[in-house]
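The letters A, B, C, D and E name the chains in turn, as written, and every chain counts its residues from 1.
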Amino acid sequence: MTSDLNFFFEVLFGGLLSGIMYSLVALGFVLIYKASGVFNFAQGSMVLFAALTFVGILEMGVPFWPALLLCLLVMMLLAVGIERIVLRPLVNQPPIALFMATIGLSYLLEGLGQGIWGTQVRALDLGIEDLPNEMIQEALGIQVSTFDLFSAGCAAVLVGGLALFFNKTRVGLALRAVADDHQAALAVGIPLQHVWAIVWAAAGLVALVAGLLWGSRLGVQFSLSLVALKALPVLILGGFTSVAGAIVGGLIIGASEKLAEVYISTFTGGAVAAIENWFPYMLALLFLLVRPQGLFGEKIIERV
Amino acid sequence: MAEQGKDLLVINNIEVIYDHVILVLKGVSLTVHDGAIVALLGANGAGKTTTLKAVSNLLRAERGEVTKGSILYKDKRIDSLTPNDLVKLGVVQVMEGRHCFEHLTVEENLLTGAHTRRDGRAEVMKDLEMVYRYFPRLKERRKSQAGYTSGGEQQMTAIGRALMARPNMILLDEPSMGLAPQLVEEIFEIVSELNKKEKVSFLLAEQNTMVALKYADYGYILENGRVVLDGEAKSLRENEDVKEFYLGLSTAGRKSFRDTKHYRRRKRWLA
Amino acid sequence: MSVSEKQIGDVILRCDNISLSFGGVRALTNISIDVREHEILAIIGPNGAGKSSMLNVINGVYHPQEGSVTYQGQTRRAMKPHETARHGIARTFQNIALFKGMSVLDNIMTGRYTKMKRNFLWQALYVGPNLKEEIEHREVCERVIDFLQIENIRKTPVGRLPYGLQKRVELGRALAAEPQLLLLDEPMAGMNVEEKEDMCRFILDVNDEFGTTIVLIEHDMGVVMDISDRVAVLDYGKKIADGSPAEVRANQDVIDAYLGVAH
Amino acid sequence: MLYRESGQFKTSYRADQAIFPIRQDRIALMVLLAVVFILVPFVADEYWLGSILTPLLVLSLAAIGLNILTGYAGQLSLGTAGFMAVGAFAAYNLNLRVPELPLIVDFLLAGVFAALVGMVFGLPSLRIKGFYLAVATLAAQFFIEWVFTHVGWFTNYSSSGVISAPPMVIMGVTVDSAVEKYLLTLVMVAVLALAAKNMVRSRIGRSWMAVRDKDVSAEVIGIPLLATKLSAFGISSFYCGVAGALWTYCYLGTVEPAAFDLSRSFQVLFMIIIGGVGSILGSFLGAGFIVLLPILLNNIAAMIGHGTLQADTMANLEHIIFGGLIIFFLIVEPHGLARLWQIAKEKLRLWPFPY
Amino acid sequence: PAVAQAMEQFMPIPIYRTGPYAAGGTGYFGGFMDYMALINERDGGVNGVKLTWEECETAYDNARGVECYERLKGKGPTGASMFHPLSTGITYSTFEKGAADKIPVVSLGYGRGDAMVGSVFPYLFPLVTTYWSQNTSKIKFIGMKEGGMDKLKGKKIVNVYHDSAYGKETIDILNKQAATYGFEIKHFPVAHPGLDQKAIWLQIKQIAPDWVILRGWGVMNPTAIKEAARIGFSREKMLGVWWSGSEEDMRPAGTAAKGFIAAGFNPPGKDFQVIKDIEKVVHAKKKGNIESDRVGTVYYNRGVVTGILSLEAIRLSQEKFGKKPLTGEQIQWGLEHLNLTPARIKALGAEGLVQPIKTSCADHEGGGAVKFSQWDGNQWKIVSDWIEADKGLVRPLAEESAMKYAKEKGITPRDCSKEM
């Protein structure tokens, strides 16, 4: 029996840690949504673009840390460019127009990233072992990968940083204002250009972190942009506007997805398997029926 | 009336087109002297809001464009400045139809108004208290999300938010809309107080001509995107047409809304 | 025409002890209001008094925690707005709630929704019975358009209209439903005197010609005193007065809470 | 000066209710129909008919379906391909299991099945809105894909899960050449597009738009939200379902879940956004844009990039240009090609005077 | 038109340079095009008939694949010689069109398992080997490692497959073999694209199988390998199909991939005369169709093998129909009469790269053997000789399935005994 229980915990922890990996990607979405009320379709491509750029710079012989800085710089320039060329002319347009613009952007980034750095699959080694951590194994008897722990740490740092940024600077309030009403935000003197550039740069940073972590796991290749699909249910369950929601959502989705996959498949003798693609969405859907704005999302205001 | 200085805002014969096709302003010129309250009157759709937005440069967000003419503030062209620059220069617009940030609380809404200020938190807090003094109702509702407050409360929030920027010049678009009569008077009292004490100039678009002309120094009447009449507020109040069409006064005093006319008289200035 | 000539009938809507609160905010406390057939009832009160909430309770957008609404002899606690619409209650909104992407005509045609019967298969075919029905209802709407004098903008998307006209279109949409009870939430806000005069005339005409009962929220005391048969005053969610315009105007509580100076 | 409505007086509401009240538009439409029905089958070669026009038409139909749901009723959906898959598999299974049914009936019933599935997934729309609703439709997308991959009955237990579509026989005539398939598709699409146009200018269409623009006031007018949203989900999915059936029978020739994956859903979504949200014409324009542009770019790439090392770059350039054009069009006109067309007409009406 | 017919033979290239599988598409067709370039440069074409080709981007999307087929099928003086879909989905969507247009569809190592039955599928050529055949080779290989097929009894084998048409192809045949040899088989589908497989591998850990067969695709491969490493499952007991056996699949997995074994019908490496020739004649002159550092990779060499077989078919047909550009119908004959003897292979400079192949009207597969190679952390090392498929098992299954298809479609199979 204990081995069964042990197995349960292993699946649970594995799921929670997978969930954190999803959260990392979801965070980027949250940022953009907070600042413009728009779902950023290009977030996945930004993850890919960041990782490609980083590996590309590494391959040019630049050492790790300078490469990271350089890559960050590229992401910031990108943010400024996006604001200038794409967002500024679309101020005050309906969300669907901005949403579409991000779709265009995602094509552009995919083309640009792969055009510059090639479509080759590349390895990325951060020097962290993706093997069970021995200390934990001895202490708890559960296999948890060091890499996963490292990712969780990164996520924690990011979330902490972002929370500070939003709560301790005036940008936080401005962001929420912009998301509600572009025009009114302009009218009170919020510099939309700066706010957007800052937020997209922050989203770029998050994309870079996610790109590095996912990239070192999957290899840097096109499929990195697909991790966005994993982040979506997380985002929805946590609420589009909440940084904390992205984390909690990730944990819930990760754990329940793994448990469901394992136990449902076991109970049905393998007849119901490979449910990972739809299960999180169904879960999020059920959850939304109870709370239409997600766990920590802002309530949708409807008044007459 | 406050002391009037030199020209603060000068609009020179501007033309505005929406969506590249809809011509709305067909040559509007007006001047606001430093320290003046100028009223912009006119029927629905005359172009009042458009004029204000042309000044504050919010037009671009509506796919509108100033295609001719110029706008000067303190003798400098401001046509190409962003709204943010304008707020920094001290020009703030209160938009028609409230436009509160729904998900923010009333207090947060007010604080966004101080976004461009760099004079420290203490000063901002002082102004917040001032706004609450003007609008006690807002203080009661400070923790409610603006989206859930009543129409009038939102209007107060919008006005209060503009005051938080400590502006030199406020573009007020229909401040009285949806406010209880008592409050309308109060708002105009506030306008007049700010004008006298803080030397804030106002360009205000208003449908409530009665009050507007009572507090303004000067008035412009807009019809169909053109200025059709302007003059000292006093003289406008005396104008027969203004009396009939904007103040609802006939020679025999105020008409009852029950005595409806079933025909329309032509406005003389259109003849 | 004076008030006394008008045939004011029985109570068609009775609100009994309505209480409504949102979280901590008490929007309405123990309010009872009667509306009689054919009358024009004005609800006035300071901002945030609960006037709009009252209308929302009447047509089912809000469901009060306590109290009941009796309409046409039927008492109900919670009814969906689309059900009250079916029973002949129409309204306009304080913040214009038109369908921005549709033309004026289409907006007004939606007012006929409950009266049209052909199912979607006929509509997909369009010609035949459906066209007949469309034209029938179009005629009704054209009468409304004619009445409100908005013929020239019939095909314009409402989003492009100036505020005052939008208010008028909204009234048109409500009228197209041929309601028995019409609820108007600040129909004249943001209008100049001339336009207010027009609006008053429309309201009075509707009231006269079709005998529609009207409940009206308005801040312009001139309008309220001139056109309403009865006035109810709310303050902080409580009813502080209810009576003829003259009575209300003289009521000291009302003067203190709302009017400021006597009008 | 050519495009004017002056002088064309309408004396009845009937005339005013016509689809194209302006004569020039009616003539243009007649010409267009003559071209697509008569001229195109004669002049276009098999490649154009079979690989460009037919899929373009089918995707236009799906786009109309999505436009009904997203453009008219305002319910954002990412499950289009899922509903198309339901149609495709339903048509296949109906044909397989009830061979007596005529194929056209199969197609229509396929639409009905898709409509039912669509309505089930539309149920949450009463509570869930906007981008959040997209999750419900994504759940539909993934779940449907999964069901068809995993439940062998639907694929008649074929080992790989891919089945080739059976030959089409309609009223004794075998439809197998590109021209025949094109014409079959064209007829279906034309009829259904007309029906859609009729619906959106009737009561049901107005109720969709009302719900889209302001659901609270729609309800206050007497429009029941759930029924209206469900009708939009149902009818939209019907269109998608028929499109799915046509996609397999008239274009791909195979029935398999992979043909209806998420990227197809996005493809259709792009079509309506580029073409014009809330416009039947826009569905066609958008489909044209999204289908033709990559092919055009690819052809150009093949012409200039042939045989050199540049091919890699060309493929990515294609992406960049495609994305760039989407953004460019949005900035020029956020409401899509249909609105651009409309503005062009408005300008033409005023021409030669500027305003 | 036949007056001044150019001496050119046209080959369509439905490549995918974008999307998640770009590495496969560019590598494979890069090799294919390079081989054609070699023949053009070195030999002046096939018997003086120059090869021409045009790319068409499919992005691995069926719909675009069909469009590419239609776009390219009529190009060149005689139309497309043959069509290489390089995607099981596109194979399914085009092979019937190919039959109607009389253009052979060649699905080298992918596509329909039953397509080897040439009497039913005259224009479909799953040359060299099919999924079904290679699968039996894998079981043979396991048997060899275990010390005899009888040792398979009671062994536990897990099949981790991409949840798609391609992935599912071998489930039935594995179940049959499990029954025959008495091993236990368990199937785990991985939902596309397979970015996270924790749940599956934790279950595999519980089962503790003796062998794992990996039928992955794209990013699913490195992920699976890493997960295996994480649960401590020996990579030396993992057998990949050829879509799980390229450098691109191993490199992202880093050290975790060391020891992984993959089946392939072509070995990687530059140690073949033909590859050396390509480097010398094509890449040295900067005429390559791919980055020079990818020459010799698994996908690349597979493309070269494809080129060799395709051009051999053309050459054969030329012997019959004349040394001029040929139509698809004429080339079909060549494809059906391929006879790659060891001597011929040697002459082509492809010793060890290609296995002997002999096709016929009845058998469109021809070879059926695979070689296994093992990843040493940097590159593939060949660890077996050609291992033949279990034809006795595969052939009847294929025939059964093909006949079912023929019945559905109302096709009367050709009588192959008359077609020699």
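In this text, contacts are C-beta pairs under 8 Å (C-beta built on N, C-alpha and C of every residue); 3 or more make two chains touch, one makes a residue touch a chain.
Because the structure is a prediction, the values reported are computed rather than measured.
*Asks:* Which chains lie in contact with each of chain D and chain E?
*Replies:* Both chain D and chain E are touched by A, going by the contact rule given at the top.
*Asks:* Would you mind checking the shortest number of contact hops between chain A and chain D?
*Replies:* Between chain A and chain D, the shortest chain-hopping route counts 1.
*Asks:* Compare the CA centroid of chain A with every other chain's and tell me the farthest one.
*Replies:* C
*Asks:* Can you work out the whole-Å distance between the CA centroids of chain A and chain B?
*Replies:* Taking the mean C-alpha position of each chain, the two centres sit 44 Å apart.
*Asks:* With centres defined as the mean C-alpha position, give me the chain A-chain E separation in Å.
*Replies:* 37
*Asks:* Roughly how far is chain B from chain D, centre to centre by C-alpha average, rounded to an integer in Å?
*Replies:* It comes to 47 Å between the two C-alpha centres.
*Asks:* Report the inter-centroid distance (CA atoms only) between chain B and chain C in whole Å.
*Replies:* Chain centres of chain B and chain C, defined by C-alpha means, are spaced 29 Å apart.
*Asks:* Which positions in chain C touch two or more other chains at once?
*Replies:* Where chain C meets two or more other chains at a single residue, that happens at 52, 61, 93-95, 97.
*Asks:* What are the residue numbers in chain B that touch two or more other chains?
*Replies:* As it turns out, chain B has residues touching two or more other chains at 22, 148.
*Asks:* Could you list which residues of chain D touch at least two other chains?
*Replies:* Those would be 146, 149-150, 216-217, 220, 312, 316, 318-319.
*Asks:* Please output the residues of chain D touching chain B within their complex, sorted ascending.
*Replies:* 343, 346-347, 350, 355
*Asks:* Looking at the complex, which residues from chain B come into contact with chain A?
*Replies:* So the residues of chain B in touch with chain A come to 56, 58, 60-62, 82-84, 86-88, 92-95, 99-104, 108-109, 111-113, 115-116, 145, 147-148, 161-162, 165.
*Asks:* Enumerate the contact residues on chain A facing chain E in the complex.
*Replies:* Residues 7, 10-11, 14-15, 18, 21, 110-111, 114, 118-125, 130-132, 143, 145, 214, 217-223, 226-227, 230, 257-258, 261-262, 265-266, 270, 273-277.
*Asks:* Within their complex, state which residues of chain C touch chain D.
*Replies:* Residue positions touching the partner: 59, 61, 80-82, 85-86, 90-91, 93, 97-102, 106, 109-114, 116, 118, 120, 123-126, 130-131, 134-135, 138-139, 142, 173, 177.
*Asks:* In their complex, what parts of chain B are in touch with chain D?
*Replies:* For chain B paired with chain D, touching residues are 17, 19-23.
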